[in-house]
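Starting off with a structure, shown below.
A, B, C and D label the chains in the order they appear, each numbered from 1.
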Amino acid sequence: MATTSNITVRPPRVYPRGTCHSPEMIADLSRAAWEFRIQVLRMIYNYKTGHLGGAFSIAEVLTALFFHHLRLDPERPDWPERDRLIFSKGHACAMLYPCRAYRGFFPPEELMTFRALDSRLQGHPERQKLPGIEVPAGPLGHGVAIGAGMAHAARMDGRRHRVYVVLGDGELNSGPIWEGALVAAKYQLDQLVAIVDYNGVQQTGTTTHVMPTEPITDKWRAFNWHVLDIHEHNMAEVLDALDQADEVHGRPTVIIGRGTKGKGVSFMEGDSYWHGAPPTPEQFAAALQELRKGAEQWER
Amino acid sequence: MATTSNITVRPPRVYPRGTCHSPEMIADLSRAAWEFRIQVLRMIYNYKTGHLGGAFSIAEVLTALFFHHLRLDPERPDWPERDRLIFSKGHACAMLYPCRAYRGFFPPEELMTFRALDSRLQGHPERQKLPGIEVPAGPLGHGVAIGAGMAHAARMDGRRHRVYVVLGDGELNSGPIWEGALVAAKYQLDQLVAIVDYNGVQQTGTTTHVMPTEPITDKWRAFNWHVLDIHEHNMAEVLDALDQADEVHGRPTVIIGRGTKGKGVSFMEGDSYWHGAPPTPEQFAAALQELRKGAEQWER
Amino acid sequence: MGTIVRETFGEPFSARKAYGQALVEMGEHFPNMVVLSADVSNSDHSFMFEAVYPERFFNVGIAEQALVDVAVGMAHSGKLPVANTFAFLFATRALEQVRTHCAYGEANVKLAGAYGGLSDSFDGPTHQSESDLAILRSLPNLAVVVPSDPVSIRKLLKKTLEWPGPVYFRLCRNEVIPVFHENNYDPEIGKGIVLMDGKDATIVCCGVLVARCIEAARQLARDGIFVRVVEMHTLKPVDEELTVRCARETGALVTVEEHTVIGGLGGAVAEVLAARHPVPLERVGVADRFAETGPYDALLDRYGMSRADITSAVRRALERKK
Amino acid sequence: MGTIVRETFGEPFSARKAYGQALVEMGEHFPNMVVLSADVSNSDHSFMFEAVYPERFFNVGIAEQALVDVAVGMAHSGKLPVANTFAFLFATRALEQVRTHCAYGEANVKLAGAYGGLSDSFDGPTHQSESDLAILRSLPNLAVVVPSDPVSIRKLLKKTLEWPGPVYFRLCRNEVIPVFHENNYDPEIGKGIVLMDGKDATIVCCGVLVARCIEAARQLARDGIFVRVVEMHTLKPVDEELTVRCARETGALVTVEEHTVIGGLGGAVAEVLAARHPVPLERVGVADRFAETGPYDALLDRYGMSRADITSAVRRALERKK
């Protein structure tokens, strides 16, 4: 059943927080994001189960976080001073796993066990199984409030680490998100940053069709968050926004990352069919080709 | 235990929807709102249990609804064309009961059984017990989504009746409110009107202290509601706002009613202690006197 | 009696497709029926209803609490709402809405819980529902119904819509084995059905495991052990009389459910027995833990619901009779 | 053994005040302890902790889902959070958060459920919690503890904080009767306590009804019926061994709880008996319905938990032994 695990990903370098965003670094990270998409495609194709669309759209953000912005130590996944990543849109974990694996948290060889019996790579992340997973995810709507709790605990302990929460735009339909948003603003938790994968599509259609989200920046501003509005597939914008969020004081920050669900494969882009469907062999081949082109454009 | 039921309330006339808001009508309704406060004070003092603060603040709004704006038939509480009232801040039902009783839904003599064993006037409203109660209330956060369901059903049936939802401002902390707000806006439910008793106090303190609500109009606007901003103890403003909401098309309306928790009794106003505490005999007497003065000022 | 169950089971058929088809069929029977989903209509298959009755279908987005409350508002306005989302979300995220307004407020909403038990196998434990039956069975005024095969889904959905109060209707995500003869299977809410007779012990079961129980009973019969098999499709109100009769007549019971052994069918039967006629009971199900990601059948086997688990539970129950 | 229970009960004392005092005391023992409430700190009495440790107290507003999730975030950051709100809100509104993050994610959060059972008597059925024990007992990995008097609240709160995983700790709103001798009462989570010995039947009880059970047992003793009384303060993990021993030694059991007779203490004991040692069981509690508004004691009596309900359940159980 499983195709053999032919690892093709060349991970990027790790650029510690503070590294100047050189063109080389941007190219390296951008290329890696495309290669991670290839890895994800293979993982989901392997057992014909998993969520492609929302994994593809979050590639640049996760790459930027893991290979540049987050302070982490793969040798010590429970290092108390680590930055926290709450991957609230847990269904898209097919992209989380490669980023963690190539960042050194577990062997990339394990990636192809995704969703198999006995795998540590559960269908949605499980913290007891995989080192570095802060909290389980799957049921949408938790990230902001949990992040608020972590940011608050950090402040109580006088720790400077930061808490990043990755949300879906459909996920913002969910009431608990807004409860968490109020709590984080009340306590002025400026160590907390939420990133919305604003890809315009949820499970059964576009957000316009299923549940309109606009005016999105007004919503967060009215809940007293600082708002940054960027293109999430533009690595330079992602890196800059993460830096800018570090400079905000007295309130949490949300980065609205405007992008495309299924990013990178023309026939998947913007189509909710690809939220949770696995590709056929032909679709797999076609997708692979497009993703390879995407990666190549960043080769230098 | 129970004091004898000395009914002192002189109910206002019923001014059908469309009646011009004459000074006489405004005075009559305003006076009645104060007298209902007296009734509520007696009811809560009787068994030393119930919620005074949030009942006092909603007096004018409920009086305006029951004696003017709502299309109701006390003889037929289940008349299909009736306007619906969803009293989402159910803890304040001590004010709902007198309005319903004096509007003819049940004998005012029953009011003094509030919260007694075997009473139809349960601590929070129960629809099976009391005619005219649309849904139970108590757990906060339901009104908007239930109202959306009712407004939608009305539209499907081509009925023109309207759905009014009364919310607390602390209640807006609750996630389900914002889920409902999104749904109502998606379906452009202009038969739905929410009224927020924006009295600045919740159970354990001011909203500023417990959970800041500002900028409140921005929040609702960002959720695509039409917003009206009024003083909820000014009967003329309440009546006008309800009329204005009838004219809004293509989106639901929220009326932010700025007012005072515990309105009418100086030592209760703005103090969260009076959210749920019953008065001592001395406090009862003092409160009664102030409320009587309030009513008298509208005598003519 | 033997004619309720097919001699040879049918080809596996998608339970959710069977449910979607049944929804469409009911749409014609019940003109006031409306269907709601919370951005999972392609999972729960209510999209099939949407395709035929777009004006009676509502997608409220990823907002399960609003899903139930909107349905409540519609129910109190004369509609007959069927709300759809994952079983675990009714049992947890929207439970306060279910309790306050369906159970206490008696809003006549039908809650169709998709992806029940371990059937959302690849999505893992958060999306599986190991405790939904225990949770929903504990609420006053709410009926709990678990159909088992495509025929059962269709017939019980109709009964559920006719039932005068709120019902939790628990569904499976995957292909299931057609067990029943269309013409002879005639379920009533609140009445268990004797599918096979036997004198040595009784298996009381529900949901997709009914097929496995029949197979287990047939296998035991080859070894000279004759087991009665009862489909208890309604967990609430549970059929007390039939349960007591089985205890009296067979002396030992085994419950089989795709659920934790705490509080669900096993709990319901244990309560009836303790109150009315104590006999040995073995409870087959998940051993009070979360499962994991993997193929559905493999999970059922690994987490205690294999055919061997059923037969050996029967043997243990027989042993305890002595 | 007799010295655990006072010969003469103490004067009624506010259970929530006892809890607030215990919270403050624990604040000193556990420096990493934090306390959260959802705009009901004057109901649940966590305001007493706030007064002493303002920097370790958080009021998240009327947002029970955030309450649990914020506590989860803190637990995973090395804090020991005690989250406070009404029992029914943990069991319903915030249940998905409890299941996903405390039960499945094993976040070490202590959930203190205020106003348990019918104790929020005047606020009525929405605010009472007739099903919380059944609901929370069905979740894997979560312990369920129900203290009964002021001494028990204090001692079990300490054990709850020491317990290595999440715990649901169910409290009462009102004045309760001090039953235990401070020095002799030494509860362990997961271990029932024999409060009175007897050979004819066993009453297994928890919460504020323990006092009534002792009174009932004393009264029955005057009629020559000798009942063992067991405080089962931990519903999960339930003390199976003690339950089986009581079944074996006394031959009939009665459970008494301030909860529906479905799925709670009665359900737990019924399951143990069915699995290990079937004997007659009578379950005293709320008869699967919602209660109403009124004085607390009047509700307990009217809804099936009077002293007479307890003694007659014991008599019925004895009758069934024959």
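Convention: contacts are C-beta pairs under 8 Å (C-beta built on N, C-alpha and C of every residue); 3 or more make two chains touch, one makes a residue touch a chain.
Bear in mind the structure is a predicted one, so any value in this text is a computation, not a measurement.
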{"item": "Minimal step count in the chain contact network, chain B to chain C", "value": "1"}
{"item": "Touching both chain A and chain D (chains)", "value": "B, C"}
{"item": "For chain C paired with chain D, centre-to-centre distance based on mean C-alpha positions, whole Å", "value": "31"}
{"item": "Mean-CA-position distance for chain C and chain A (Å)", "value": "37"}
{"item": "Whole-Å gap separating chain A and chain B, where each centre is the average of the chain's CA atoms", "value": "45"}
{"item": "Per-residue overlap in chain D, given as positions that touch at least 2 other chains", "value": "60-61, 63, 65-66, 88-89, 92-93, 96, 100, 104, 125-126"}
{"item": "Sequence positions of chain A contacting 2 or more other chains", "value": "126, 136, 138-139, 141, 173-176, 179, 182-183, 186, 211"}
{"item": "Graph class of chain-chain contacts, one of line, ring, star, complete, other", "value": "complete"}
{"item": "Chain D contact footprint on chain B (complex, rising order)", "value": "47, 49-50, 90-91, 115-119, 122-124, 126, 136-141, 170-171, 173-175, 202-205, 210-211, 276"}
{"item": "Residues of chain D that touch chain A when the two form their complex", "value": "34, 55-56, 58, 60-61, 63, 65-66, 69-79, 81, 96-97, 100-101, 104-107"}
{"item": "Residues of chain B defined as touching chain C within the complex", "value": "80, 126-128, 134-136, 138-139, 141-142, 145-154, 156-157, 175-176, 179-180, 182-183, 186-187"}
{"item": "Of all residues in chain C, those that touch chain A in their complex", "value": "37, 39-43, 47, 59-63, 65-66, 88-89, 92-93, 122-127, 292-295, 298-299, 302"}
{"item": "Of all residues in chain B, those that touch chain A in their complex", "value": "141, 173-179, 182-183, 185-186, 211-212, 215, 218-219, 221-224"}
